[in-house]
Amino acid sequence: MRPIERGGGVPEPLAPSDLGRARSGLAVVREVEPVGPGCVELVLDCAGVARAARPGEFCQLRVAEGPVPLLRRPFSVCRTDPAAGTVTVHVGVVGAGTRRLAAAQLGDRIGVLGPLGRGFTVPSGPGTLLMVAGGLGAAPFPLLAAAGHARGAKLVWLNGAATAARLYPVERLGAPVEAHVATEDGSRGRRGRVTDLLPALLGECDRIAACGPNPMLAAVARTVAARAPGLPLEVSLEAPMGCGIGTCLGCALPVVGAPALALLCRAGPVLPAVAVDWGRLGTLPPAHAA
Amino acid sequence: MRPIERGGGVPEPLAPSDLGRARSGLAVVREVEPVGPGCVELVLDCAGVARAARPGEFCQLRVAEGPVPLLRRPFSVCRTDPAAGTVTVHVGVVGAGTRRLAAAQLGDRIGVLGPLGRGFTVPSGPGTLLMVAGGLGAAPFPLLAAAGHARGAKLVWLNGAATAARLYPVERLGAPVEAHVATEDGSRGRRGRVTDLLPALLGECDRIAACGPNPMLAAVARTVAARAPGLPLEVSLEAPMGCGIGTCLGCALPVVGAPALALLCRAGPVLPAVAVDWGRLGTLPPAHAA
Amino acid sequence: MVTPAPAGRAGPTLSVAIGRGLVLPNPIGVASGTFGYGFELGALCPVERLGAIFTKGTTLRPRPGNPPPRVAETTAGMLNAIGLQNPGVEVVRERYAPSWRSWPVPVIVNVAGADLEEYARVAGRLDGVPGIGGIELNISCPNVAGGLDFGLDPAQAASCVARVRAATTLPLIVKLSPGAADIAEVARAVADAGADAVSAINTVVGMKVSLALRRPVLAGSGTGGLSGPAIKPVALAAVARVRAAVAIPVIGIGGIADAADALEFFVAGADAVQVGTQTFVEPDAALRVLDGCRAYAGEAGLARLTDLRWSPGGPASGRGPGGG
Amino acid sequence: MVTPAPAGRAGPTLSVAIGRGLVLPNPIGVASGTFGYGFELGALCPVERLGAIFTKGTTLRPRPGNPPPRVAETTAGMLNAIGLQNPGVEVVRERYAPSWRSWPVPVIVNVAGADLEEYARVAGRLDGVPGIGGIELNISCPNVAGGLDFGLDPAQAASCVARVRAATTLPLIVKLSPGAADIAEVARAVADAGADAVSAINTVVGMKVSLALRRPVLAGSGTGGLSGPAIKPVALAAVARVRAAVAIPVIGIGGIADAADALEFFVAGADAVQVGTQTFVEPDAALRVLDGCRAYAGEAGLARLTDLRWSPGGPASGRGPGGG
């Protein structure tokens, strides 16, 4: 397990940091692809991120030119085309900022800062990677699937959503996967949640990567801890991010051990599930509540 | 001369008020017509204002749905088509609010509150009305010209601008006029300002209506006071307007006599020049300064 | 503080008892200085449906107000330095109050003064005048006479309130200033001195600068009162802190633009709210807020809007952190 | 306060003398809590061109900070309740300061404490440490120990400053809180107590409420510090009032997003400025502000940015109106 920054307060500023690859600039919108209700994927001209981004890393996108909404929003790098110099982000509309992004027009310029954070461990060779996505959590998986596929990993895809229309189109993963789906209304696949399908898949896989709302990740972590305690599980978590680069100290998240808070934008957004203090995370008010 | 509201502080709230005709609603943009550099005319579906507006009155337009820019902006009613239920406003870009309005697209909805204020005296019959417009001050004249023409008045048009491209196209006045123009760079008409041409026209006219930046109006008032003291001159003035309906008390403007301040949105925006305290107006910081 | 919902009646109870017999038919009022004396808006915002009208700040004698420019827009807000232009208390008594008698909405006269004496005299002149529902004491008005800003100091605020309390039997709402070092302390002081309710907040001192002119935009000292959405977080914090400090009704004010904003104030601890600057943007803003709150309460099955109130745990009743 | 322009050299003089030998190469710094300890941003904002770096608030011992959520966005602003998460003064002395020695930009350590003793001890530990350009005293930090907010009261602010002044020979900038009833009075008190300069403003206390959760968004008491464009008018008013009250340099802070904003602070009376929240939006915001100010000064033919300063007439030196 790689070390987590949880130094005595701020992340250790003198330690080598991933920020060396991050750049800030304006990216032109090249394509706008609707992907299900309230979701679009934006293809952005952004050669720096396209070249440097690793699976599970994120970018901070500006959502307005003026002061409302003020702060950038974090989005996982969904897909990259280093040759074309483009990056795809998957935007699910939840509030004012994502509404503006989803309404972007071809040719618009969007401020992009990235790549940021630390992502998923990419499988180092054959073996099975189980990717678990709930809600809007599919975003980081096309890039992870491509990297895993390139290294010869077998990919299993487990996607849960409220209803069929909100499942992530499996062909958009861009790599061959064995797909399992669950919907809460039973409109496709198994009726229920990803955690209902998960137990049956645990035996077949060598590591798990999960992304979705924090409570879903907690459920996945509980399932894995109970049924396959040694299995490496990495989760991509959410926290409100003021800066994305470790200076605002806003994205602190409870981790096990003292001093018990890590900055998600530097230590994460992907953390080993065993490092997260799920108990304290669960007692906190949700990071976002409109 | 009609009485001016300058009661002991607030405008007399129990006095009969023009606000009875004012309505607030959303108007659909029907046409967007560029008129010279940085100017557009917006034709809005707004039957209430189209029916009720009198020359020199204004509307308060919302310039954003959100809180930035927050306040409505005042615009003279430029032209009306009561049969079609449309109102035209002339928008000159000076800052963030007018920039947004000028970028309106067909079909957009714009909040319109109006008609508001008190306008120009419409000629009651034949006789000559001299209309003096400087800078962006042409806006109220198409409606005044139509009303004057309908009553058989002879119309003389005196328009000044920095350069030819910024003159108001005389054909847009929509009524036959005798036109005189002055440009500061001499690119059309007389080189100089409207006040250079004004003296020669004073002998021919029975009343004057003027609109433009307050300093220009002051110059017009000085010229008239010096050369044709009895000639009725009405000026459409500018002040920052928080509300446009007499409640914020923000648009106070110095007038002669005690207590010396009138609310421009209720007593004006058109005032008899003799009522304005030009001396005190001149010493105040400009209403608008970015 | 709120009349209990009559058994068997559908929909939330909206009326709010302020004290001394003053009951607002609903908790959405219009703020002082943004609705004149209730006559101006007419058909643009029918007063019959409002919960309360708080008039323009009224002084003993008529005041012409400050020289222009008096208002300026800022990011998500506006500044004003009107300087308490008003027709004086006699005009209010004799010309406006008689019309208010027939209105179903309580009209509460916002009272200002340069010294204790003036506050007391204005309050006294309003006492017993039919049509006047109560007094909102603006203890934090501009320093019109180079005098004190009573709203900034608990002791001075209390002495002002005590003086006014002695001069009138009208319901007395004291309007608090966000400029006080500890607004909760001022609230406690005025409650102890006899206020029936408090309202918060008044505007925040601010300035806009014109780079072109190399001077402030507003005349005089260049400062004015900041209002609008920009100050909503400041107002919510003030309401929460005042709520924890006093038992009397709290009327929330500051940056309310829609029903969601108003509902946030009920969560923070308000019993009623006032809509100010937004009325300049939408003349019927307060009625939209009312309709939205009513609809929300209906959908959420609330008996009253104060059921939204958040009850902080132990640490929250103290002075909260200011950041860092 | 500003080094005179050397004769015959083109372009404005940008350096600013703060006192006790501290000279900022240019007047555009980055604000405490928004730039870490200067190491984080790296290539995103090369520190060499900055006028000053004000570090995160530093306490005697490491502090883990508050539980999340710690930040929340508001209209044209943000709230933070970080709770002074920092590695403690020893790490700053021993690990960070040595790196700062070779930087061309002065690094000024923002100091916080729960009581006078802690302030003095932190200041003492920083004294004489090479690489540390000065101290910015955060006398208005969150009440981390249920203690006093020294920044709200002139006498307490002065006693804190006097205590720190005795503990260090470093240049001392005192950061003022907008929460004081009269910020000018606090400024005068700290200047008399030995401050070399003042900076203003720290964040404004605010709250965001989640209607869905029916509670504040931030953890704990729910309040936090408001920053960003929403508070710019509050900051400009504070700077103008402090400028009129003291003769020492004034560093303006609050809502600066571009060069025009910064230039407005020079009109209001600032000698230098700090860029805070905007760095979260644009990592190199401070450098853009610097470039824009330099270009403006060049075009306007200014010898120095303080030539923009507005000098109010008589009435403006008093406490200005707050609206109404």
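When the chains are written out, they are named A, B, C and D in that same order, and each has its own residue count from 1.
We take it that a contact is a pair of C-beta atoms (placed from the backbone, for glycine too) under 8 Å apart; a residue touches a chain by one contact, two chains touch by 3 or more.
On a predicted model such as this, the values are computed, not experimentally measured, just so you know.
Trainee: What chains, if any, are shared contacts of subunit A and subunit D?
Mentor: B, C
Trainee: Whole-Å distance, subunit A centre to subunit C centre, using C-alpha means?
Mentor: Going by mean C-alpha positions, subunit A sits 46 Å from subunit C.
Trainee: Need the CA-centroid distance for the pair subunit A / subunit B, whole Å please.
Mentor: Taking the mean C-alpha position of each chain, the two centres sit 56 Å apart.
Trainee: For subunit C and subunit D, let me know how many angstrom lie between their CA-based centres, rounded off.
Mentor: 33
Trainee: If I count partner chains per residue in subunit A, which residues reach a count of at least 2?
Mentor: 67-68
Trainee: Which positions in subunit C touch two or more other chains at once?
Mentor: Those would be 33, 75-77, 80, 82, 210-211, 215, 229-230.
Trainee: Which of line, ring, star, complete and other names the graph you get from chains that touch?
Mentor: complete
Trainee: Across the complex, what residues on subunit B touch subunit D?
Mentor: 67-68
Trainee: For the complex, give me every residue of subunit D touching subunit C.
Mentor: 32-33, 57, 66, 74-77, 79-84, 112, 138, 140-144, 146, 149, 152-153, 177, 179-182, 202-211, 214-216, 220-227, 229-234, 236-237, 240-241, 255, 260, 263-265, 267-268, 308, 310, 312, 315-324
Trainee: So in the complex, the part of subunit A that touches subunit D is made up of which residues?
Mentor: 7-11, 13-14, 17, 19-20, 22-24, 62, 67-72, 111, 113, 239-243, 245-254, 259-261, 280, 284-287, 289-290
Trainee: Along subunit D, where are the residues that touch subunit A in the complex?
Mentor: My answer: residues 33-44, 56, 62-65, 67-73, 75-78, 80, 82, 85-88, 91, 95-96, 99, 210-213, 215, 217, 219, 228-230, 257, 277, 279-284.
Trainee: Would you pull the subunit D residues touching subunit B in the complex into a rising list?
Mentor: Spelled out, the residues of subunit D in touch with subunit B are 75-76.
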